[in-house]
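Multiple structures are listed underneath, in C-alpha cells.
Note that chain A is present in both complexes that follow, paired respectively with chain B and with chain C.
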Partner chain A sequence: MEAPATMSAIPAAPAAASRMPTRSLLYLFLPVVVVAILPLLPFVNNYIIAATVRALIFISLGQAWNIVAGIGGQLSLGHSVFLGLGCYTTGILFNRYGVPPWIGGFIAMLLSLAVALVMGSMTLRMRGVFFALATVAVSLALVQLSRHFVDLTGGADGLALKFVGNSLWAMQSRTPAPFLYAALAFVIVYYWITRALLTSSFGLAMQAVRDDEVAAAAAGVAVFRTKLLGFLLSAAMTSLAAVLYLQFYMAIDPEAAFGLSQAIQLQLPALLGGLGTALGPVIGGALMIFLSEVTNWGSTKIGVEGLDILVYGLMLLIVILRAPSGIVGLVFKNAVSGGPR
Partner chain B sequence: MTTAALEVKGIARNFGGVVALRDVSFTVGEGEVVGLIGPNGAGKSTLFEIVSGNLSPSAGRISYFGADCTAMPTHLRRRAGMCRTFQKVRLFDSMTVADNIRVAASQCLPPGRALHDEVAAILAQLRLQAQAERRPAELTLADRKRVEIGRAMAGHCRLLMLDESMSGLTHEEAEHLIVEILALNRERGITVIVVEHVLSVLAAMVKRLIVLHNATVVADGTPSQVAHDPVVIEAYLGTKQSALK
Partner chain C sequence: MAGIEAVLLLALQAILSGVLVGGVYGILSVGLSLAFGVMRIVNFAHGELVMYGMYAGVIASRNFGIDPLLILPLSFLLVALVGVAQYQIVFRHFVGHATLQQLLAAIGCALVLQMIAQIIFGADARTATSMFTGQYVVFGPFFLSQAQIVAFIVAVAATLGVELLLRATTWGKAVRAVADDLEAAEVVGVNSRIINIGAFALACGLAGLAGTVLVTYFPTSPSVGFSLMPIIIIATTIGGLGSIGGTFLGGIFCGIIQQVTAMMWNSALQDVPLYVLLLLFIAFRPTGFFGVRSE
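After this line comes the complex of A and B, so read on.
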C-alpha cells in the first residue's frame, strides 16, 4: 500500500516510542547509582543494605507478577507457587546433590514452566475466576505437600541452605553487599523486560486480551496462546528471582514459599505502585519494604505482632478506593496501564 | 458475480429450544457491498457471530474465498482477512487509538516499517491522525466507530463485516462514514457486509440486500426489489412508504 503524504504526522512505531528521553533516563539512572554506591557510604550499615536487598528482591518478584496480572490481566492469586518451586528446587538440589544455584535455578525455572504450562493449559481457556482459583488451589496443595515430604523439604520447619562461606559458585556471602548488586541487576533487567514488553507486538496483544478478549480475537490475537505465554514468562521470572530470595534468606518454609500471605506480598508492589506499568512495581516494592521495616520497628516498640500485615491491608484499601492506578497513576495522570512507564 | 468471498450454506443455530437461525444460505461476491437487514431477533447478530467464528453453527458450512472455515478459530479468520466490528463498540480502552490499530496490524505484519506505514495509512484514511494518541474514552461515538473500523481492517482485510456501524450517529456523521466505507471498498477492494436496521441508510451504500426474518433468509435482491417484496413488506417493513424513508 502506498503511504500517504501525511505520514510524518503519524505517531512512531512501538520500537521508536520505547526510546526514552535523556531526562527520563537520568531519573532512572540516579536511583541505580545511589543503590550501587550504598555499601560505600559511611553511615550505611548491613541492616540498611539488607533492607534494600529485600526491597529489590520484592521489586523483581512484583515485576514478574505484574506481567501476568498487570499487563496480561490474568489474576494469578497464588503466584507464590513459582517462588516456592524456585526456592525448594534450588535448595534441595544444592543440599542433597551439591548442584550450584546457577544450575539449580535453571532447573527450577524449567520445573516452574512445566507447572505453569499444565496450570495454564487447564484453566486459561476458561473465562471468569477459574484461573485465579486454580493458582490458589495449587499453592495451597503445595503448602501441604511441602509439609508432608519431610525428608525432602524439611517439613513444616522448612529447609535451611547449607552454608559454605563466601562463594560465588554457591552464590553465598556472609555480608549482604554482593546480594545488593545481584538484586539490582535483577531489578534493572526485569524493568527493561517489562518496558520492552509494553511496547512490543506481544505486549500489545497481552493488553488487548486484558481489555477485551472477544475484541482481541476479532483483531487477530490468539487469546489463549497470548495468555499462556504471558503466564509462562511471569512464572519463569518469578522462579529465577526466587533463587536470589533463597540465597539471601538462606532458608525457606512451606508458608514463606507457597503461602497466601507470601502471594499477597508478591502482588503488593504492582498494586501499590501501579498495575501494568514498568515503574509501578519499583515504587511499590520500595514502599512496601520501607513500610515493613517501619512497622516491624513499631511492632517491637509497642509489642504488637503482625502490624505490618495490618499496614499492608490498609495501604491496599487506600489504593483500591482512592488510587486504583497506583502511585504511578497518581503522579503521571495519563499513565493508565499500557503506557511504557 | 465474481469469485465468492463468502458462502454461507444451510447455517442453523439453536440455543436450547430456541431456533436462532434456520437453513440460512447466501453468497457474497468478491468486492460486493451487501446489506443484511431484519427486525430485532431475526438472527442477524447470531449470523455475524457465526461467520466471524465467535459462535459455532449447529449445522451448515461457511466458505471463505473457496476454503471451508466453519471450524476455524476467530483469530485465524481475522488473520486471513475476515474482519468485523461490533454492534456495541468494543475498543481496547487502555490503549491509544494508534495502538488499537497497531495491535491488529501487528498480527498480520512483521514489526518495522511496514507495520508503521499500515497504521499511518489507516489513521490517514479514516481521518484519525489528530486522535492517534488519545484513548477511546476521549473520543466521540463517530470517532470510536471509525477506530473500530480501522482496527478491523488493519493488516490484512478482504471481507469487512460491519455490525450497525451507523447506529447512534447523526445523519451527517453516518453520511461521512458511508463515504469512508465505500472508499475502502473501492480503493482496497474490500468486500463489505453491513448489518443495519434502517433501510434508507443501506439503500445509499449497497446494491444488494439480504433480509432475515424469523431466523431465515426471506429476500435477497436490490434495495428496490427488497422494498417491493410483499414478504418483506409484511414481515419487516410494514409499508412500502416507510421502507424507503
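After this line comes the complex of A and C, so read on.
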C-alpha cells in the first residue's frame, strides 16, 4: 500500500539500479571468477589468499552496515555490537558446549536481533544524533561487560576458538582457501541482497526516510517501522558474517569485538566505496584491506605502530570532505542512489 | 548487624567522591555541549582534545618540573588552537547540521588526533604529579583526595566562568544569538563565522583545561579519549546537550552514580548503570534535564 507513494519519492534510484545491462553483469562476474580461481594460480600463496579473505569478510560486514547507514540513513556508529555478539556467542557455544557454528551462528543471530530490537525501539524514534550516541554507548558497555565476565568471555585476553583441525562440521581449516569460497559466497549473497533491496518497495521506503523523514511520512511510509526493520536486517547480516570472521581469525577479544576502532572498520568499506550503493562496499572493502596491508608493511618498516588507523582516519576525512559519494560516486555518477550527485 | 551505619557511611563517602569526580566529568563535557548548542556539531574528537590537555600536563610535570595546575591557561590556549584548526579544516562545512557525515568526520578527526599522539608520545600510559597528587584529607569519617578536590574547584570555577562569559559579555550575547537564529544574528550585524570559530575554540580550550586538571590524578595514554568519551556523552545527554550548567550537573550526577556503583556493588562494572541510564534518557527524554531542542 505504501509502495506506490514511495516510488514517486525517489525516481532516480530504481532506474539506476535495475537498468543494469548484461554487459555490466559480465564485469561483475569477472572478479568473482578471478577470486574463485585464485588458489590455482601459480604465484598465489597463503598470504595473498588470507588477505583476500580478510577483504571479502570486511566487504560482507561493510555491506551489512551499508544497509542501515547507506540505504537507511541511520548512523549506527557502534555496529560492532553485532559483530561482537556474533563472534562471542558462536565461540562460547562451541568452546563450552560443542555447538557447531552452523547452529551457533543462528543462535547468535537471534541474540543480535533481540538486542537490535531493544536498542532500535528505544532510540530510533529520535533523529540521527541520539541513535548514534546510543549505539556507541551499547558497544562500549559491551566492551566493559566482556572484559568483566572472565569465565564466559576470557576477559581482556579474549577468547580463542578450540582448534579441532580441518573440519567442515566445526567450520575450521588449516589453510585459508576454504574460507575464500565461504567469504566469496557471503559477498555475492550480500551484494545480491543489497541490489534487491535498493529496488524493492521496502528499500525505497528506507531511502525515502533517509532523504526526508517528514516527506516520507507524508507519503505514507511508516517511518519508525522502516528504520527498525532496516536496523534489524543489518544487525542480522552483521552477526552472520561475524561467524565467518570468528572461524577465520580463530579468536576474539573485547576491543576487536565491540571497540570503536572495529566499528570504524565496519563503516569504511561503504564510506570509501560509496554509501548506499551495492558496489560501494565491495570496492571500498578491497581498498581498505589493501591499504591496511601496505601500512602494516610500512609500520614494521619504520617501526611505528598504528599507521593503519591513521590512514583510515585520513581516508575517512578525505572521502567525506572531498568525495562524499565515495569511489563509486566518482566513477559512475548515476549509480549513486538518492541525491543529485 | 552493625551494617546499617557502615552502609550509610560508605554511601556518603561514595556520594562525596562522586561529586568530586563528577565535577571533573562536568567540565570534561561542557565543551562538547557548547559546540552542539551553538553549532549543532557533535565533536567525537572531544575526548582526544582532552587527551592533548592531559599530555600538556604530563610534559609540564615530567619535562619541565612545573606543576600542571600552573599551565592551565597555556593548555587552554594550545588545545583551543588545535580546535580552530579542526574547525577550519573539517567542521566549518557542517555548521548547523549534526548529519551522518559530520559525525563520521568527527570520528576521522578522533582517529587522526589519537594516532598523532601515539606517534609523538608513544603508546604507554603516562602520569603527571601536581603538589596535591597523592595527598588526602581526612574529614570526619571520610577520606578525600586533595587532587580531586582541587580539580573540582577548578571545574566549578571554569563552568561559572563560561556561564558568565556567555551571559554577561557582548561576545557571549552574540554567541547565544548565533545559536538561537543564525540568520537573524547576521542581519543585526553579527559575523557568525568569527563567532562560531570563537565558540568552537572556547569549547576545545575547555577540553584542554579539563584534561590538564584530570591528569593530576588520572593517567593518560593515546587511547584515553575513547575511554573518556562514553562518560562525556552520558553526562552531556543526561544534563542536556547544549546547556552548560545542565551538562555540568549531568557530570556530577554521573559521578555520583558511578562511585556509588563502584563502592557498593562492583568497581569493574561502575559504568554499566550509566549506559542503561543513557538509553533510558534517549528513549524518554532525549533533551536531558536542561537540554536545548534537538532539531
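Here, the second predicted complex is superposed on the first by the 317 of 341 C-alpha atoms of A that agree within 3 Å, B and C clash if a C-alpha of one lies under 4 Å from a C-alpha of the other, contacts with A are read in each partner's own complex, and residues count from 1 in each chain.
The definition used in the following text is that a residue touches a chain if its C-beta (ideal position, glycine included) is under 8 Å from a C-beta of that chain, and two chains touch if they have at least 3 such contacts.
Source: prediction; values computed, not measured.
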Problem set entry | Touching partner for A:137 - first (chain B), second (chain C), both, neither | second
Problem set entry | chain A residues touched by each partner, larger count belonging to chain B or chain C | C
For this session: Give one of first, second, both or neither to describe whether A:167 is in contact with chain B, with chain C, with both, or with none.
Result: neither
Exercise. Touching A:300 in the superposition: chain B (first), chain C (second), both, neither?
Worked result: neither
For this session: Using the touch definition from the top, say if A:205 reaches chain B (first), chain C (second), both or neither.
Result: first
For this session: Over in the complex, which chain A residues touch chain B? Could you list them?
Result: 1-4, 6-7, 9-15, 200-201, 204-205, 207-208, 210-212, 214-223, 276, 336-338
Exercise. Contact residues on chain B for chain A in the complex?
Worked result: 52-54, 73-75, 78-79, 83-84, 86, 90-96, 98-99, 102-104, 106-108, 111-113, 115-121, 123-125, 129, 132-133, 135, 151-152, 154-155, 188
Problem set entry | Residue numbers on chain A that touch chain C, as the complex places them | 69, 73, 75, 77, 119, 122-123, 125-134, 136-138, 140-141, 144-145, 147-148, 259-261, 264, 267, 271, 304-307, 309-310, 312-317, 320-321, 324
Problem set entry | Contact set on chain C toward chain A in their complex | 42, 89-90, 93, 98-101, 103-105, 107-112, 114-116, 118-119, 123, 226, 229-230, 233-234, 237, 241, 266, 268-269, 271-272, 275, 278-280, 282-283, 286, 294-295
